[in-house]
Each structure stands twice: as C-alpha cells, then as structure tokens.
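This structure is in structure tokens; I'll ask about it shortly.
Just so it is clear, A, B, C, D, E and F label the chains in written order, and each chain counts residues from 1 on its own.
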Amino acid sequence: MAFDRYAVEQFLYREARLADEQRLDDWFALWDEDALYWVPCNEYDIDPTRQLSIIYDDHARLRLRVARITETGMAWTQEPRSRLRRLVSNIEIYDHPDGLVQTFSNFHLTELRVNRRDPVEWIGRTEHRLRPHGGDFKLAYKKVMLINNDHEMTQLSCMV
Amino acid sequence: MAFDRYAVEQFLYREARLADEQRLDDWFALWDEDALYWVPCNEYDIDPTRQLSIIYDDHARLRLRVARITETGMAWTQEPRSRLRRLVSNIEIYDHPDGLVQTFSNFHLTELRVNRRDPVEWIGRTEHRLRPHGGDFKLAYKKVMLINNDHEMTQLSCMV
Amino acid sequence: MAFDRYAVEQFLYREARLADEQRLDDWFALWDEDALYWVPCNEYDIDPTRQLSIIYDDHARLRLRVARITETGMAWTQEPRSRLRRLVSNIEIYDHPDGLVQTFSNFHLTELRVNRRDPVEWIGRTEHRLRPHGGDFKLAYKKVMLINNDHEMTQLSCMV
Amino acid sequence: MDMATRSSLIDYAALVKPDRVHARVYTDPDIFEDELERIWYREWVFVGHESEVPNVGDYRTGHLGKQPILITRGRDMQVRVLLNRCTHRGNTLCQARSGNAPTFTCSYHGWTYSCEGDLQGVLFREDFPPDFRREDHGLYRVPRVEMYRGFIFASLAKTGKSLQEHLGPAAANIDRFCDLSPSGEITMNHGVYRMRIECNWKMWTENSVDSYHVYQTHGSNVYLANMFEAKADKPPPPPGKGYFGLIHARDLGNGHSDLDMRPQRRVTGMTYTGEWSGDIPESAQRAYLDGLEKLHGKAKAEQILTEGPAHTVIFPNLFNMLQEIRWCVPVSVNETYIYYAPCLFKGAPDEINIARLRRDEGAYGPAGFQLSDDIEVWARNYQGLQAREVEWILMNRGIHQPVGRDEDGIPYQSDLSELTMRSQWRHYLELMSSP
Amino acid sequence: MDMATRSSLIDYAALVKPDRVHARVYTDPDIFEDELERIWYREWVFVGHESEVPNVGDYRTGHLGKQPILITRGRDMQVRVLLNRCTHRGNTLCQARSGNAPTFTCSYHGWTYSCEGDLQGVLFREDFPPDFRREDHGLYRVPRVEMYRGFIFASLAKTGKSLQEHLGPAAANIDRFCDLSPSGEITMNHGVYRMRIECNWKMWTENSVDSYHVYQTHGSNVYLANMFEAKADKPPPPPGKGYFGLIHARDLGNGHSDLDMRPQRRVTGMTYTGEWSGDIPESAQRAYLDGLEKLHGKAKAEQILTEGPAHTVIFPNLFNMLQEIRWCVPVSVNETYIYYAPCLFKGAPDEINIARLRRDEGAYGPAGFQLSDDIEVWARNYQGLQAREVEWILMNRGIHQPVGRDEDGIPYQSDLSELTMRSQWRHYLELMSSP
Amino acid sequence: MDMATRSSLIDYAALVKPDRVHARVYTDPDIFEDELERIWYREWVFVGHESEVPNVGDYRTGHLGKQPILITRGRDMQVRVLLNRCTHRGNTLCQARSGNAPTFTCSYHGWTYSCEGDLQGVLFREDFPPDFRREDHGLYRVPRVEMYRGFIFASLAKTGKSLQEHLGPAAANIDRFCDLSPSGEITMNHGVYRMRIECNWKMWTENSVDSYHVYQTHGSNVYLANMFEAKADKPPPPPGKGYFGLIHARDLGNGHSDLDMRPQRRVTGMTYTGEWSGDIPESAQRAYLDGLEKLHGKAKAEQILTEGPAHTVIFPNLFNMLQEIRWCVPVSVNETYIYYAPCLFKGAPDEINIARLRRDEGAYGPAGFQLSDDIEVWARNYQGLQAREVEWILMNRGIHQPVGRDEDGIPYQSDLSELTMRSQWRHYLELMSSP
C-alpha cells in the first residue's frame, strides 16, 4: 500500500475533532479547491444530476455554509452551538486514481443542543478522498451516507 | 505475536461491512465449515447444553438463516431490508490454540427499518476466532454478548 | 514519537474493559498514587478551584468510590450492577512532559440497568495521561468531558 | 374520571360482535385501563412455574398486569406471589430478576421482610405508634395463588372460581405437556426469551391459536422446508392445507382454546420421538422411552407419544406448545412483553433436552426463524389500525360451519376456523360487560 | 368521550379571534383530534403528484392525516388512494416507501389485492361463509380523489365541493408552477426531503406564507447576500423592506393564500431565466426558451417568465413555491412531518434541471441555508407556548389597513400584512365550528 | 375539561390523611396539572440567586413550573423574572442557559426587548395598527418577585402574602446559611448539578427532610465511615441512631420544615470549622474566623459556628443545607429536574471555598456518594407505586408522640419523626382544597 495508515487515520481523527469542536474555519481549511462535500438524500447512491442531495457543496458553497455559522450570528440552528462528539471507526483504506487515498469509515455522531432535552444521533458511513499535500493531506471529497437519509429527520446544521 | 494486526482488523471490518450492507451470501462465505455463531441469552456466559441461546447456529443452520432472507422473500422482518451500520472498536487480539487468532471487540450497531420511526441499537462485545486461510482468514467462531440479552427486546433478524 | 502506539491503545482498551466488566479492583490498580480522575461539570474546561466538578477524585477518594461499590453492598445505584459496554475511538497520542504519554479519545458508553427499560448513554472525550511503568503504564490522570455535563442527567455511578 | 365511570361509558357489546371486533378494542387507552381492572387484576393469570423457585428463599420478580410482583419459595416450601412494594412508603423492594434471599431489605429506610412476605424488621420500631403492628404491614400477598403441575396462577380477586374450575378441560392440555417427561415433571429454569412487541396484548393472544397465519407469516419456513423436501425427493403433502386441514380448533371454555393436532398426528403417524429422531442417538431414545413406559405403562406411553404436546392458550396470557411455556404481560395499549421459556424434561437424557433447546432456538426467540416474523407482523397489525376509516377486524372464518363435539365432548371446528379467537372474544365480552 | 361530545365542548370562536388566536389551538391534544375529524378526514388534502406513479403498478405509501395510505396507478391508468390496511384483520399491507407491484399480499394471512385495491386472493376462500363476497372486502378507497395538473388531492368525505371549487383562484398558482416547464409538465420523482418538526402543523402552514419572518429567521442569508453585494459594489435594495414591500399578500378563499410577487417582479424586472442565468450555458437557456415559446407562444411565454412561479399555500397542507412542492402530515399535537420535493421540468435541458436541484439543496432540506433555521424556529415557537400565562398569539399586522382587490378581483394587502394567516384562521374557524 | 372542573372532581381530603397519603397524589396526571395551577403558578417559588446575575444585562434562563423564564438584572440593577416568550407569536426568546445581553431579539421576526423586558424594537412597526402600543407588549413580568438575602422567589399570583410572611421562621434558616460567610454574602455562580429524577416532585420534597432514610439509603457511607473509624480506633457513636436522635424535626409553617441539628451539635461539640479543619491550613482558618468575628462580634460568631448551616426545606421547592442551595422543577407527574448548586463564601480564603467544592463533589451531584443513591431510590419509590393494590404511603412515624415547642416557639418532635413531611402534606392539602 502506498499510504501511511497511521497518518491517514490521524487525519480522519483531526477532521472529526475540528468539526466536533466547531473550529469551522480550521475545518474548512482542510479542504482542497476542488472540494465536493456530498450527503445524498433518500438513498446511498444516486445520480446527483437527477436526484436530490441533502448537501452537494462545492468549495464556494461550503465556504458559505461555514460563514453562515461563523460570521453571521444568525444561523439559529447553531445559536447557541451544538455540542458534538463523534466516533470514527472501521477505517478501510485504498489507493485511488490520481494519487488520492480513499477511505471508508463508519461514524456515530451525537449532537446535543442546549434547548433540547435529548441528543440527536447521526450515524452512517463516510467515503473520504485525501490528496497528499506537503507531508499532510487535503480533503478533496467527502461523501456521507446517513443511515436515516430516507427517514423523517430534524435539521442538519453541524458538519457531519 | 503471531498475527498481523492490520490484517485481522481489516477482516473484522470487512465482516462488519458485508453484514451491514446485507451482502449475506458474501458474509456467509467468510465462515468455515465448523462454524459456530453464538448469541447467548440472559447472560454472557452460559452452558448451551442446559441454557437457552438466542442464536446457536452451526454451519447448516446458519446457511438456512441466510437463505431465509436471501431466497424466500418471505422473511418479513427483512422485507424490506433493514438499513444497518455498526462501529467495531476496542479490538484486542490473542493467539488461540490450533493456530487460530482470537479477537475481542466492542460494537454498536444501528438498525433502521423503513416502517419504524426510531432505530434499534444493538450493543455488545464479540469474540471472533479466525483461522488463517491462504493469506486471509476464515471465521470459525463468533460469540456475541449483547448488553441487552436479558432485557425485553425486539426481533433480531440482522446479522449481529 | 516516543510511544508505542499499539501498547497505548491496548492500555486504553484494557482500562475500558475492566471498567465495563466492573472489575473495579483491577481497574483501580491501574492508577498511580498521584491520580486525578476528573469529570468537569457544566463546561469542558473549568477552574476546579472556583467551579464545580462532577468528579474530582484524588487517589484516596477514588479508592472510596470503588470500595463503596465493591465492599459495602449498599451502593444502590450499582445493586444490582449495571451492564456496561463502551467504544473507545479516535485515539490521538502525544508526548507529554515528564515522560508521560497523553492521549485523547472519544467514547460511547452504554449502561443498562436491570430495573430500567432503556439504557443510558454516556458520550464524550477523554484525556488520559499514562506513565510508563515496567513495560506497561500507570494511569496518572483521566479527564472526561461528557457531552451532557450541562444537561439534566441521571446518576453516574459507573466508571466513565 | 374514576374507573367505574369510565368503564360504564363503554358499550362492549357494540364493539365485540360474534363475527368481528371493532379496532377500538385494541387501540383505546381507556379500554386498556378497564381490562387491567376487569381481567388482569381479577381473573386467574399465569405468572410463572414453580421450577423457577425450587429452593427455600428462591425468588423471581415479574409483573401481574402492571403491578410488580415477587414470586417466592417460603421456608414452608410454599410458593407465594407478593407485591414487590414496600408497605412503608412504596418502594420496589427487590430489583434483580431472580435469586435467593432469606429476607428482602428495602433500600429506602431498611424495612426487612421475610421471604414469606412478613415484615420482620423495622428500623427504630420504637418511633412508630404503639398500635403499629408489624403483622399489618407485611408485603401484600396476592390473595389467591394456585398451581397446576407447577404452573403458577394468581388472582387478585379475594374470591372466585377455583383454578381447577377455571382451567376446565384445558388442564388436560397441561397434562399432555408434562406427561411427555419421563419423570412427569418439566423444568422451566433454562433461560427465557424476553421480548417486547409493538401491539396490543390481545393480538398476541389471538395469534397464538391462529393457524391461518402459518402459511403466510411463516411462509419462509414453508418455502425452505419445501425446498429441502423437493431436493430429498420426498412426496409433498396434500395440496392446499396439507395435513393442517385435519387439525381441530377447539373451544375449551372460559376463553381457553387449542389447536388439537391429534387427529392430524393419527393420520400422519407422527409421534413425539419421530419429531427429533434424526438427531438423537439410539441409546438416548431408548432411555427416554423406557422412562416413559416405566412411569405410564406401555400403552399410555405410546398414546402420550402419539398425541404429543398440546398447542393451547389459557386465557388471558398463557400459551403452551411444543417445548415452550409462553406468557404475556400487558405494558400499554400498544405494547406487550412476551416471555418464551423452553422447558426441559426432568430425568430425560441430556441429548433429548439439548435437542429441545436447539429446536427452540431455531424457531422461537427474537432471532428464531418463526417468531421474528411474528414480531414484525404483530407490529403491522397494530400500525394498520391507524386507518380508522375501516372500523372492523374480521373474525368470521368458519363461522357458518357446524360446530362439532369431539370425543371429549368439546366443541370444535376443523382447523382454519377462527373459532379459537371467537371463543376468546366471547369470554372477553362477558368479563368486560359484567357489572 | 366520543368525538362529537369532545368537540362540542370546545368553543372555537373564543379561541380564534380576528386579530389573534389562543395558544391552546396549537397545544391541546383534544383540538388536534378534532382537527383530524373535521379537517384532515373531511376536506381536500394534498397527498402526492402523479409523476410519482407514472406506470401501471407503481405505488407510493404515505399518510392522509394519521391514516396510512397507498397511492397506486391501476391497470386502467387511474390513480387511486387506498387505505394501506388489510380488510381481514387490519395489517398494513405495504411497507416500502414506493415501488412497482401488480398485487399486494398481506404478510399476515396472505390476502392479495390488485393494484386497484380489489381483493383478488383469499387463502382458503372456502372456509369463509358463503355470503362472504370478495367485492365487499377490497381495500378502502378514499371516496374522492381528484387531480389538478398532476397534483393529487384526496377527501375522505363521500360528498362535498369539487376540487376545482375548492381550489378556486389558487388553481392558477399551480398553473404558474407548471407552465414554466417547456412541456407544461413537471415531475416530482427526484427525491424528497423528509423532515420532522417539533411543532403543531398549523405553525408550518402559517409560516409558509409569512413574509415577515424572512428578515430575521433568514437573517443569515440576508447578511451573506449583503456581504457579497457590498463586495460586488452593487447598489443595495431600497432601505427597509427592500423590494419586499411590493409583494401582495392575497386571500384566495377556502383558507388558501399566496404571496404574490408579480408586482415586485414587474418593478425589478426579474424574470425566471434571470434567476439562474449565471450558471446555465447560453445554449440550454435558448433551448428552454424555445420550448416555452413553442408551447405558449412568445407573448404568453414572456408573461410566464416574468411572473415566475407562485408562492402559495393551499389549505391545509400544500405549499407550492419556486421549484418545490411541499406538504405536511400531522403526527401529533406537537409534531409534524414535512415533505419538500423539488420538481423538474419535463423536456427541459439537463442544465436547467440540475440548477433547480442545486438551488433546492442550497436553501431547503434539513441542511439548507434557510430551512434548517425554520426548523429551529418552529421548535422555539412551540416551546414558548408553555409560558401559558400569556394566552394569545398575535395575528394583527396590517389588519387596520384597507383590503384591496387586485386585477383578478382577489382581496389583498401589501406584503407584510398577516392577511394570509388571518385568511387561514377564518377558514379554520368555519370548519371547526360547523355542525 | 377545564382546570376548575377537573380539580373540583378530586377530593384531596380523601387522599391526604394525617398519617398517610394515597399513592394517587404522586401518580395521577390530573393532580399534577392541578398542582401547577394551585401551587406552582400561585405560590412563592424559588427560582434562583441574585449572584447568578450580578451585573447589568446578566441573565439566566430557567423554569417556573413548566413555564420558561428569564431572570435578568436591569439597568436599574433590579432583578426581574420574565416569561421567556415573545409576545408576538410566542417563540422562546433566549436559548442559552445564561449570559449577558443588553437586549433580546426574537429569532422569528426580530422583535427586540430590553433586559427589563420592555419591547424596544418592532420590525416595520408602521405595519401594525395605530393603537398598537409597544408598552402593551413587553415580556410578561412575573407580578411578584422578592428576594431574601439574595434568594429570588417569584409568584405568579398578583396578590398574596409577602415573601417575609411566607417564609416566617424559615427566614432564620437562610440567615444561618449566609451568616457563615465572613462577608455575610454567599455566591451561587460556581456551577450547578443539573439532574433528572424519575419520580414525582413531592418525593423529592419529602426526602429532603427525611432523616430516616440516611441509615439505609446512605448505608454505604455509614459503612465506609465506620470502617475508617474502626481502623482509627475512634469510639463509635452511641448505638442505634447515634447522635441523630438529638436532632429536632421542626414544623416551620406554610409547608416549611427543617431538621434542626443545633441540639445535636451542642452535645457533640461539633462546630462549623471543625468539620473541615483537617484540610485547611491554619492561616486560612484564622483569616476566616477573623472575618466572621469582625462582622458579627466574637460571641455571635461563635454561636454561628456552633449552630452551623440549617437543613431546611422551604415549600414547595427550595432545599438549603450544608454548602448547597437545591431546588426542583416539576417536569411531569413522574419526572422532576433538580438543581444542586454549591455556594461559596464571598470574601473567604480560597482554601475554604475549595474545601466546600470538594466536599460537595464527594457527596452530591450525579456521581456523589450520597446523591447517586438517592436518585436510584427515588426511582424505586415511583416504580413501586405501580403496585396499586396497596393504596397508601405511610407517614406516621412519631405521630403519637407529643409535639414540643423549642426555644423559638416552633413545634418540633425528636428527629426521626415524620413530622416534617406531615407538615408539608398539611399545607399541601390546604392549598389544593382552597376554592
């Protein structure tokens, strides 16, 4: 294998930590310019040109998603911020064309809001594609297959 | 240690993935002929000749368990199939007699049914015994200690 | 890095297992004399000289915490004992001053009581500080940042 | 609004008709409350088996309706059913599922009760009024507890029919279950499946004697069986109902009923040993038969083997079949706990008892090839009733056919009549309409 | 207490005033039950779009109020709305969200129904009484189902106003939505956002035509937009309401209303193509316009583009705007399911349809920059009503201003009047107070 | 059914007897609703401490009964209790637990209120009727708010007894708590344990002055303490109740009560400083004592130290003891939120305040060696009441003994009488039976 397993794992953990701790500017800085942040809707695999996604962000829209929370103070879903903590596990790593490293992993993210009695749980599988970049990685692609993407759900305003 | 830790972990992740994605024929193919798939009832450690188990499948019965779902179209608990995703963690690996590799790990499996509002969570600890087999492993034994095996539970039709 | 990643991970898994299986005397034996077992209240980072903690145990008080359960038979919260199982994941490891190894990890602990219908879930992030000790480690410091430490919660009588 | 008022508002005869029942009897929380009062807290209810508390001081906790109970074996070897509630300020006394304890001490203020339920110790007894008598504050004993072959029944009504009267001909079904043991005794302390189902308790009771659902609900098993028989070149059963058509659906009175398979077994020649003969070594089979013959004599033993165990529901909550005792506990109008416990033959060879366990695991329990689908189908049964534009549930199969009397004088129709369920509802209507 | 008694106890006129409503109409479970009876199980309710079941045998499950339904396309190409409930013992028949099936077989006892709802197969039909007729036991067909441009509406009342009467001038709003497609047809089978909101359903209905909330609830979007416009050196909109002040809030009768943006669009010169022109290649724009002109003629096409889609609520549960069809399903007094489905233009270039999807994702859905905040604000709306010391919810904005008639004769006030909500409540009061 | 009707149906005198109460008062949801009306939304209720909002613009959210509140410090330095509910359409205004904000802006339509609750900004004010006056739409101010030594009490009744009248002799207990601070002031802004308990709120209120439960519920602590004392060769306390028997259980009127430990302390010679002396450096102890003597004079200081803090419940929801202020909020008939906050001495050496925190952590909070068991025992208390065949909860300890008057003229019995709880129930019956 062409990848350093430990480095890949630590990148995934770092990404998780930055998202959990709502360090969203730092989290956004992990992304490369050709970013695709994709959360399909209804099914795990859809054709995004004919079917709806929950999130289908390129780099520009992702910047807006982050800025809405960090800059406006009016993203009510995150005012006050949710408390977040996620487990990332079952990491499987593959070589991917163009020198990318592809990983699949499962996650269990708990979201707790100050004005809600019970937490919300976000559970699913993630595909990451990492681009080696100066001894570290840039995030080129993240696809999140939520287990409940075809169930009635509440709002999703944290970075899943 | 006589085992390749990474290979063992990847085997466990693969097993989890095949079960989660309901690729049951592939999952079944992981098992060796002397399979024992055991889910004790009421306690973690029981004498299966005097006490009831939730599952106590040899290879033949396990084949039936899988065929019931994949071939009959009438296993209503899995029509339509559940959506599944599990985290496998805390992997501890030991040498086991007869060249087997023994692992213990904890899991958290979320099951979501199309006709249910809320998911079911299956949580517990698993003992796997793997038999090295041509650069890979065969699954000889899997014992699943469900945390709720003495609590009133719903049906268990996914591969836990 | 000065630490053996695998050994550190296995120590964390062992600690989790001893706590999960309520082998509390063994669990207590993991701790070093200068132990601090800290679960902050209300926020993740507080000044414990001015703000309340949920747990702020030195070695002596921790001994009492364990003895209350193992010796008195009257710690009703643990009579009968809870069933516990936790996933420890996202392990990040750092060198720490004085030769200690510092780790951060996320956990998801499920607690099931015989006289309760539903489990309680404890979720959060843990900082461990381990002191190398004869080929193994001693636990010098454990800080548990519960996601719900500012929410109305039930009693916390297991070792989180 | 108190119970009496609430209940008098419900016209049960308008909801329970001879050939159909109204969906409301399954979904109305007021009716559920009323049932607690008129059925669960008055009638004979199955609560456990004495083999669960074989020794002095043994106990098992559970529920009678929604009330927490404690089944204990006293120093006089008597089995009692006590409310698991301290008489001081009401705390549950015992938390564990089962165990052995000479006394129970309340965790609130330390009052201590004997395993017979007597109040033994009151901390600082001297602070209580002089007319405070420990004798007045023992645990509440369910006033009527009777056993039949180890099956424990309890009734919260101080007076009423005896258990024997209540069981009537259904007692013989319990006999058939126990007589298969070479010692005449079965034990129900080998684990239990605890399950929660998402439906009203009466859907469970009905389903338990509903042979009509086997073809579809358990179609996957039929499918697999046919698949194997086809491969084995075995002759398929008669088309249509197969041998099922020979079964009798019987009305045993008091809401009890069974699916009497004896007519079928006589035709197919199936015997109890034949059911598992493939798996059991010759010697164990022989030892088992010897025991049976020794106990019953050869003729009776053969009859017992041919007739096999009964498949019977004893209203409201006991279901006895094959190797299992099953019972239900109502939780709320839309949730029910069910308990399925395999029973072993005391004194039988291990191989036979192991076969009973393995068979149980294959079909029943949360992961069983049959019960798992029942659990799903029960949930669909309850969900569908939300479609309240359709008001009635049909219960009319075979209602036009004559009701025969079998050799025991028991009313029956051929299997696949809904006679069994109709007998439950007739009794239900009586109980719910009585003053 | 039965529905009639319960309902007659509630004096709705005391709770719904011209300028305010009492918090209890959102929080009282008895009122919720009453609404099911008087609105959801009587009035025309939106249930889906025919493009969801384009082919024979296609089906889609859902709910009409709380009752499970099955929308099917029969072999006669007719769309039916059936209760998803087996007529035998009540089980839900079909579990999947959608699919194609020539028949539906119940998993309990195997009764089989055609996709038109006819009972086709009864296992062991011969066991049922001779007067049992399959024709009497088909799936319950919702008695009145009508479509308008593919929008399917259903009413459980056997008689009543036609859909056309019910829609009245609101039909034209649906026209505006569909006429933007170069084929005149839209398709609603490209996925759907399924969401649960923690509030009473009427809070959703109100909010959908509440333009007052845009400034604050969606302030983050305004903020970001201004930020970008500032950077782009664009002239800011007029101060205060900006161009919003030109919008008309209209009362379309029968509880329907809209925010009519045409007056605003005429002033700003915004046209439908202009809204996305940046993203779409010239050729695709041209092809789209050509299609439109071919269908409607040049003048009408230009009018359509200038007017754009409507923003309209059709009482009680349809909300049609921009590229979306939205509807709600009441779950309980404090929970509502909402479904937001983007519609694509049949026959339009892919680039245009893709742009519709991408726009949808940006603003709506659980992670949309607008809807996510609505979801939070709805929850706060319900939570606040626990402060029951304050009894009233205000609905009086613009109530003092004259109500005009626009060129279509429709009563309106300038935008940012709460006329739209008042028109909902007036209709609500009528429905809830009728005998 | 409205509240008045519902309430008039309940005969509280039949449920609350001098020596026992009926289980229904803890489990009936209608009674819970009635209590909201007659106790929580009428009587003086503890809501917080002014040290939580020391500065202008500070706020803290919470609940008065089930109604969301906002405690604020206005620009006039006055503490107000406002309903956290926008007067426009009812949204909760503020979501955070606490903070500082000069104004509150509603996230729905942007109405803005000052921290005094005045409506300051209405977006597009001009669209509202001319007779719309901002003055009429300020946040609802809880009509009566009074403080006693920083303890904030609120009453939703517009008129009634003053706080001073309400507290009566219980005020002196608050004094004892505060007088231990060398500045005479305590601060309650050092974190708070937020806990949910699975029982009716009155079980918490009772337990708080129930010394009888200490031996068993907290038996693990007694056990460990004895273990250590045995090892330390200390003389064990007198057998039986030990020194507990000296405590007075007092009835302070209006439902308030305490366990007066002063008689015990006088005998054992325990003083407040002695309780922590081991841990605190000499110099800090000296500084603390100096402060106390400076404030109170030597004699009074010594009295304060000897008497120590009170252990008192002020009905319905305040419990003040050792270093803690505790209060409860009713959530539903079977759930209660409880808040336990350690208070520090303003002006005391850090070492002493740290010792207060560490002691708090040892015993209280979700992981405390005492409170964790209380939480479990409360749940068992509620669970047991499902055994409804037993109807009564006993409250008769010591009822036969004479009631004395102590030197302050306050009725008391020796400790381990249930006088304290009986005084709660007598007051409860008065409140619930009043017209």
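One rule holds in what follows: a contact is a pair of C-beta atoms (placed from the backbone, for glycine too) under 8 Å apart; a residue touches a chain by one contact, two chains touch by 3 or more.
Not measured: the values here are computed from a predicted model.
Enquirer: Figure out the least number of contact steps between chain A and chain D, where 1 means they touch directly.
Expert: Minimal hop count between chain A and chain D: 2.
Enquirer: Can you name the chains that touch chain A as well as chain F?
Expert: For chain A paired with chain F, the chains in contact with each are C, E, in label order.
Enquirer: Go through A-E and A-B and name the pair with more C-beta contacts between its chains.
Expert: A-E
Enquirer: Tell me, please, which chain's centre (mean of its C-alpha atoms) is farthest from the centre of chain A?
Expert: The chain lying farthest from chain A is D.
Enquirer: If more than half of the interface residue numbers appear on both sides, call it same; otherwise different. Which is it for chain D and chain F?
Expert: Different; most numbers are used by only one of chain D and chain F.
Enquirer: Centre to centre, by mean C-alpha position, how many angstrom separate chain E and chain F?
Expert: So the centre of chain E lies 49 Å away from the centre of chain F.
Enquirer: Centre to centre, by mean C-alpha position, how many angstrom separate chain A and chain C?
Expert: 29
Enquirer: Averaging only over C-alpha atoms, locate the centres of chain C and chain D and give their separation in whole Å.
Expert: 45
Enquirer: Mind pulling the residue numbers of chain C that touch at least two other chains?
Expert: Where chain C meets two or more other chains at a single residue, that happens at 74, 76, 87, 89, 108, 114-115, 150-152.
Enquirer: Going through chain E residue by residue, note those that touch at least 2 other chains and give them in order.
Expert: 92, 95, 97, 107, 216-217, 219, 373, 376-377, 380, 383, in rising order.
Enquirer: Touching pairs of chains, which are they?
Expert: Chain-chain contacts present: A-B, A-C, A-E, A-F, B-C, B-D, B-E, C-D, C-F, D-E, D-F, E-F.
Enquirer: Mind listing the chain D positions that touch chain C in their complex?
Expert: On the chain D side, the touching residues are 92, 95-97, 107.
Enquirer: Mind listing the chain D positions that touch chain F in their complex?
Expert: Listed in rising order, the residues of chain D that touch chain F are 1, 41, 66-69, 83-93, 95, 105-110, 123-124, 127-130, 132, 137, 140, 156.
Enquirer: Can you tell me which positions in chain B touch chain E when the two form their complex?
Expert: Within the complex, chain B contacts chain E at residues 74, 76, 79-80, 114-115.
Enquirer: For the complex, give me every residue of chain B touching chain C.
Expert: On the chain B side, the touching residues are 5, 87, 89-92, 104, 106-108, 121, 123-125, 147-148, 150-152.
Enquirer: Which stretch or stretches of chain A touch chain C in the complex?
Expert: 6, 10, 13-14, 16-17, 20, 83-89, 108, 110, 112, 114, 117, 119
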